[in-house]
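Take a look at the structures listed below.
Consider the two complexes below, in which subunit A is the common component and subunit B and subunit C are the respective partners.
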Partner chain A sequence: MPEHAHKVFADSRGSNLYQHDVDYKTKHVSVLLPECSSAPSHLDSVLNNFSSFYLIRKLPVYELLDRHFLETAVYHGAVFGLSYRTRIDEDTCVALMPNGHLTLSLDKDSFEILGFEGKPSRFKHRTATRFVVSVDLTDSSMAPGRRSYLRLLTGLKSRLQLQTDFLLSHHPGGGASLQPLLSRCDWSQHRPEVNCSVLTDLSCPAPRSCDPHNLLMGYDIIAAVSFLSSFVCPEPNTIHRHALSVSVSGMLLPHDIHRLLQELRRYVEQPRLASWVSMTVRGFADSPVSWSNHEHGFLRGGENFYTLMMFHDHTYQLHLATGAHDVCPP
Partner chain B sequence: MKQVEEKEEASVYQRVVLKNASPYHYLKVRLVLEDESTRLSAVELKYFIITGLKSLYGEVGAALNFDVLKYDEDTLTAFLRVYSRSLVKLWSSLTLLGSYQNKACAFRVLQVSPFLLALTGNSRDLQLD
Partner chain C sequence: MAVFMDLNVSFLPDRSDLRSVVETAAHLGFSTIALNYVFEPTAKKKQEIPTPTPIDELIDQLPVVQGRSRPIRVLNRLTVVMSDASHFRPNAPEYRRFDLLAVQPTSEKLFHAACMVYDIDIICVPMTEKLPFFFKRAPINGAIDRGVVFEVSYSAAIRDSTMRRYTIANAVSLMESCKGKSVILSSAAQKALELRGPYDVTNLALLFGLSDGDAKEAVSSTCRAALLHAETRRTASGIIYTTRSQQEAPQGSVDGRFKSGYLYRCYRCLCSVAIELRWNKVMMSESNTS
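Right, the complex of A and B next:
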C-alpha cells in the first residue's frame, strides 16, 4: 500500500524557526492573505522581483560536464537545473543541484546503454524498471580527466547521446558563469509569472484547531455548487470578507522564497484584522530528487509541497505533504 | 507517530506524521468531446459520470458518493472529490466512458491527489514559449 507521509510541526516559537532543509526544485509558491484586498508595497516588490531563469532547448547533457562550466559554476555551488517537460515515470529526467550532485533518472534500456554505475529506483515493482545515476561532480573521482569522469562523459556523449530541454538557474551573482554554456545553445530567459486574485466571502477553518488534512484545502479553487457537492467547510470556521491570493510560478530560487518569507513575517507581526498568513511552496512533480537529495517519484501524483502558516504571535505551523513515491522528509 | 522534542531557548516543537490518512482523494478531470462545441452544465456532467459508474459497476456503483467541487463550463474541467476507498471505481469508470449522446468523448484525468491543495498547481502545465 503506498504511503502518503504528511507532517505537521505545530506551534513553535523562536526567531530562527525557518531552518528546515531546503528543497531547490520549487515550481510554484502561493500566498494567502486573509482580510486583505491588495498587496502591501513591500510584499508586491518582493513578489515582482523573483530572479529570472533560463530555458535551454535540446541541451546535450554532456555539456554539464564541460570543464570550464564545472570550474566556474558547479564547483562554486552557484547553479542548479532540471530537465523541462520530462516525466519522471516515463522519460529520462536530469537534475543538477547546487551541491554539485548530478542526478539522472533513466529507464532500464537507457541505463544499460549509458554504462555508468547507478542503483535501481527505490520505488519499484518486482523488477527494476527505473534506475537512478547520482554523481557528485565535486568529488575528486569525478575531476576532469579521471576515469569515472571520462566514463560518464563518453556515456552521455557517444553511447546514450542524451539531449533534453533544460531549465537552468543560478544564485545571485553567478550569472556570468553560465554565459559560455548558453552561448553554445539555443536558450531563452524567463521571469516567473505572478498572478493575483481577490477572493470574496472566503470560509476558512480556524487554523489552530483543525485537522491537518482540512488545512490543506485550496480555498481559492473551491466554489462548490452546493447541490452537487456535500463539501462543507470544516468547523470551526471563520468567514473572511475578502482575501488576497498571489501565486508565482516558474523556476524559483530558495533565496527569493526566503525573502518572501521574511516579508510575510513582517506583515503578519503588525496588528491586522487577520491573525495569520499562509505560504504554500510546491516542488516540481517530475524532479528526480526532493528534500535532502532523496529520490522522488510519481505514482498517482508527484506532490511534494509544504504550507507554512504564520501567526501574529510568532508561532507557525508547517505542513509537509509528499506523494506515495517519496521518502519522509526530515 | 507523534514526537515532542524540547529545545533550548523555550521553543517547543511538536511533530506529527500521518500516513495514508486522507479520507478523500481529489481528481482534476477534463472532458474532451468529439464535437467541441457541445457544452455540459455541472448537473449534466455529474449525471454523465453517474451513468458511467452504473454501466461499469451497476446500481451499487451508481450509488457511489462523489462531489463536483468546481466546474468550468468553458474548458469542461472539473474538480471531483471521492472517498479514497472509491477512487479506483470512479477513476476506472471515467476511463471507460467513451461516448456522450452518441458522440465520442474521453475523460482526461489531469491530476489525482489526496491533497486538494496539490491540484491548484501542476508543474506539468508549465509552458514557456
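Right, the complex of A and C next:
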C-alpha cells in the first residue's frame, strides 16, 4: 500500500519551507487556488518561465562519461538527466543528479554483462533480480583515466552498449555546456506544458478543522483535483464557487519550483477570500532515485509526490506519499 | 524484474484477428507473447502435430510495445492435451519447431509423470472444469526443482461466471500446494478483448492467493525463467544447438560428402561436428572452424 507521511509546520517566516530533502526528478506540479478564476500575472509569468529541457533520442550512455562533458557541466553541479520511456521494473533506467551521481538501475542480465560494482536492489522478493550501480562522478576514483572510470566506460561502450532516450536539463538555463554533447546526438528542445482549468462548485475539506485521518483523504482529493476525480469529500467541507487549477508538466527543476513556491507564499499572504493554496509536486514514476537519493521502485504504483498547503498565517502542512517500493523520508 | 510476458495467446487462423490480438498485447505493455498451438490427440484417428507458421509470414511489422522502444517478441508454443501416456512422445522431432512445450494432464497419474519425468517447460492446470485430481506436494516440489512452471490462465474467468468459480478454486488449490513458487499467469485469449494488462493480471493474482511480489513475478520473472528453461531444453543442457543444413562435408571427413544431416555446433569450443545418419550407422566428421 502506498505510504503517507503528514507533517504540520508552523513557521512565521516560512524560511525552512524548502529545507526538506528535495526530489530532483519532478515531472508534474499542480497548483490549486480556491476562489480564484484567473491566474494573477506574477504567478502566470513564473509558470510560463520554467526552464526548458532537452530530449535526446537513443543517447549512448557512455557519452555521459565524456571527459569534456564532465568538466564543463557535471563538475559544476548543474546537470539533471533521466532516461525517458524506460520502465523501472522492466528496463534499465539511468539518472544523472546535479551532485554528480550517476545511477543505473539494471536487470540481472545487463548487470552481469556490464561488469561493474553494484548492489542488489533493496526491493527484492525471493532473489535479487534488479541491481543498482551508483557512481559519484565527482569522486577522485572516477576521474577520467582512473581504473574505475575506464572500467565503467569500457562496460558501457563495448560490453553493454546501453542506449536510451534521455531527458537532460541544465541550470542555470541555457545549454551552452551541453552543446558539444547534443551536437553528437539527435535532440529536441521542449518547454514544460502549462494547463489551466477553472473548476466550479468545488467542495473541498476545510483544512483546519478536520482530524488527521480525514485530512489524509482530503489531501488525496486535493492532490487529485487536477485530474478531476470524483472522490467523496470528507466532512466538514466548504464549497468554493470557483477554483483555479494550474498544472505544469515536463522535466521541472528544483529552482523553478522554489520560485513558484515563493510566489504562492506572496499570493496567499495577501488578504483574500480563501485562506489557503495548495501545490502538489509529483516525481517521475520510473525514476531510479527518489527523495534524498534513496532508491525508488515500482511495485503496483510508482507514486512519489508531496502536497504542500500554505495558509494565510504563514503556516503550512506537508503531505508526502510514496509507493510500496520506496523509502519513506524521515 | 524482467519484462512482462503472456505465454499463452491462442493461435488464430484468421490473420486480421491475430494481428489485432498482437497489437492489443503490445499496447497493453507485454514485451513477449507466445502463440499457442493446441494439439489434442484422440484415439480415433492419427493426428499430425501442427507446424508453426513463421511470424513474419503472419504479420509484416510487429508493433512496438507501449512505453518502450522495441517491437513485441512473438514466440511459438505447443500444448499437448494428454488423456493417455502415449499422447506425449518424448524427443519427437516435431517439438523442436516450437520455442515452448506445454502439457495439460487430465489425470493424477499423468500429472505426476509430467511433473517428474517429462521433458517439458509448462504444465497447464485446467481452469474450465472442476479439477479431476488433487494436487500433492511431492510431484509439485519435484517439478519446481526441475524448473517446470505451472500455468494458470484467466480468460475462462472473463468468459463465463461458472468458469470463474472453477478458475479461482483451482488456482487457490494450486497456490496452497506450491506456495506461490513457479507459477505463471497467462491469458489463453481467443480474442483481443480477453487480454488484460500486466498490472491488472497482477491484481487478479492476489485473488488467487499470491502475495504482491509473487504476483508480479508470475507475469515477469517466472515467465523469463520458463523461457530460459525452454532454451536449455532445446540445446542439450545448454551446450549444443542443432540447425538443419544441406551442405558439402567439411574437410577431413570420413565419407567425403553427405546429402543431408544435422550440423551440430558446440558452444564451448565452437567447432562444428557434422553427423550423418545413413543406414543406421553414424559417421562423424569434425572440423575446427573457430
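Going forward, the second predicted complex is superposed on the first by the 291 of 330 C-alpha atoms of A that agree within 3 Å, B and C clash if a C-alpha of one lies under 4 Å from a C-alpha of the other, contacts with A are read in each partner's own complex, and residues count from 1 in each chain.
Assume a contact is a pair of C-beta atoms (placed from the backbone, for glycine too) under 8 Å apart; a residue touches a chain by one contact, two chains touch by 3 or more.
Everything quoted here is computed from the prediction, not taken from an experiment.
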First (subunit B), second (subunit C), both or neither touched by A:D107: second
First (subunit B), second (subunit C), both or neither touched by A:R130: second
Touching partner for A:K27 - first (subunit B), second (subunit C), both, neither: first
First (subunit B), second (subunit C), both or neither touched by A:A321: first
Partner chain(s) touched by A:P172 [first = subunit B, second = subunit C, both, neither]: neither
Comparison of subunit B and subunit C by subunit A residues contacted: B
Touched partner set for A:T307, first subunit B, second subunit C, both or neither: first
Contacts of A:D89 with subunit B and subunit C, given as first, second, both or neither: second
Which of subunit B and subunit C A:G115 touches, first, second, both or neither: neither
Subunit B versus subunit C as contact partner of A:S249, first or second or both or neither: first
Doubly contacted residues of subunit A, that is, touched by subunit B and again by subunit C: 85, 87, 300
Contact footprint of subunit C on subunit A as seen in their complex: 85-87, 89-91, 107, 125-126, 129-130, 165, 299-300, 324
Subunit C residues within the subunit A interface of the complex: 1-4, 31, 67-69, 181, 199, 202-203, 212-214, 216-217, 220-221
Subunit A partner contacts - residues on subunit B that touch it in the complex: 7, 9-23, 42-43, 46, 65, 67-71, 79, 81, 111-124, 126, 128
Subunit B partner contacts - residues on subunit A that touch it in the complex: 1-14, 17, 27-28, 30, 55, 84-85, 87, 188, 190, 212-213, 216-218, 220-225, 228-231, 247, 249-250, 280, 282-286, 300-303, 305, 307, 321, 323, 328
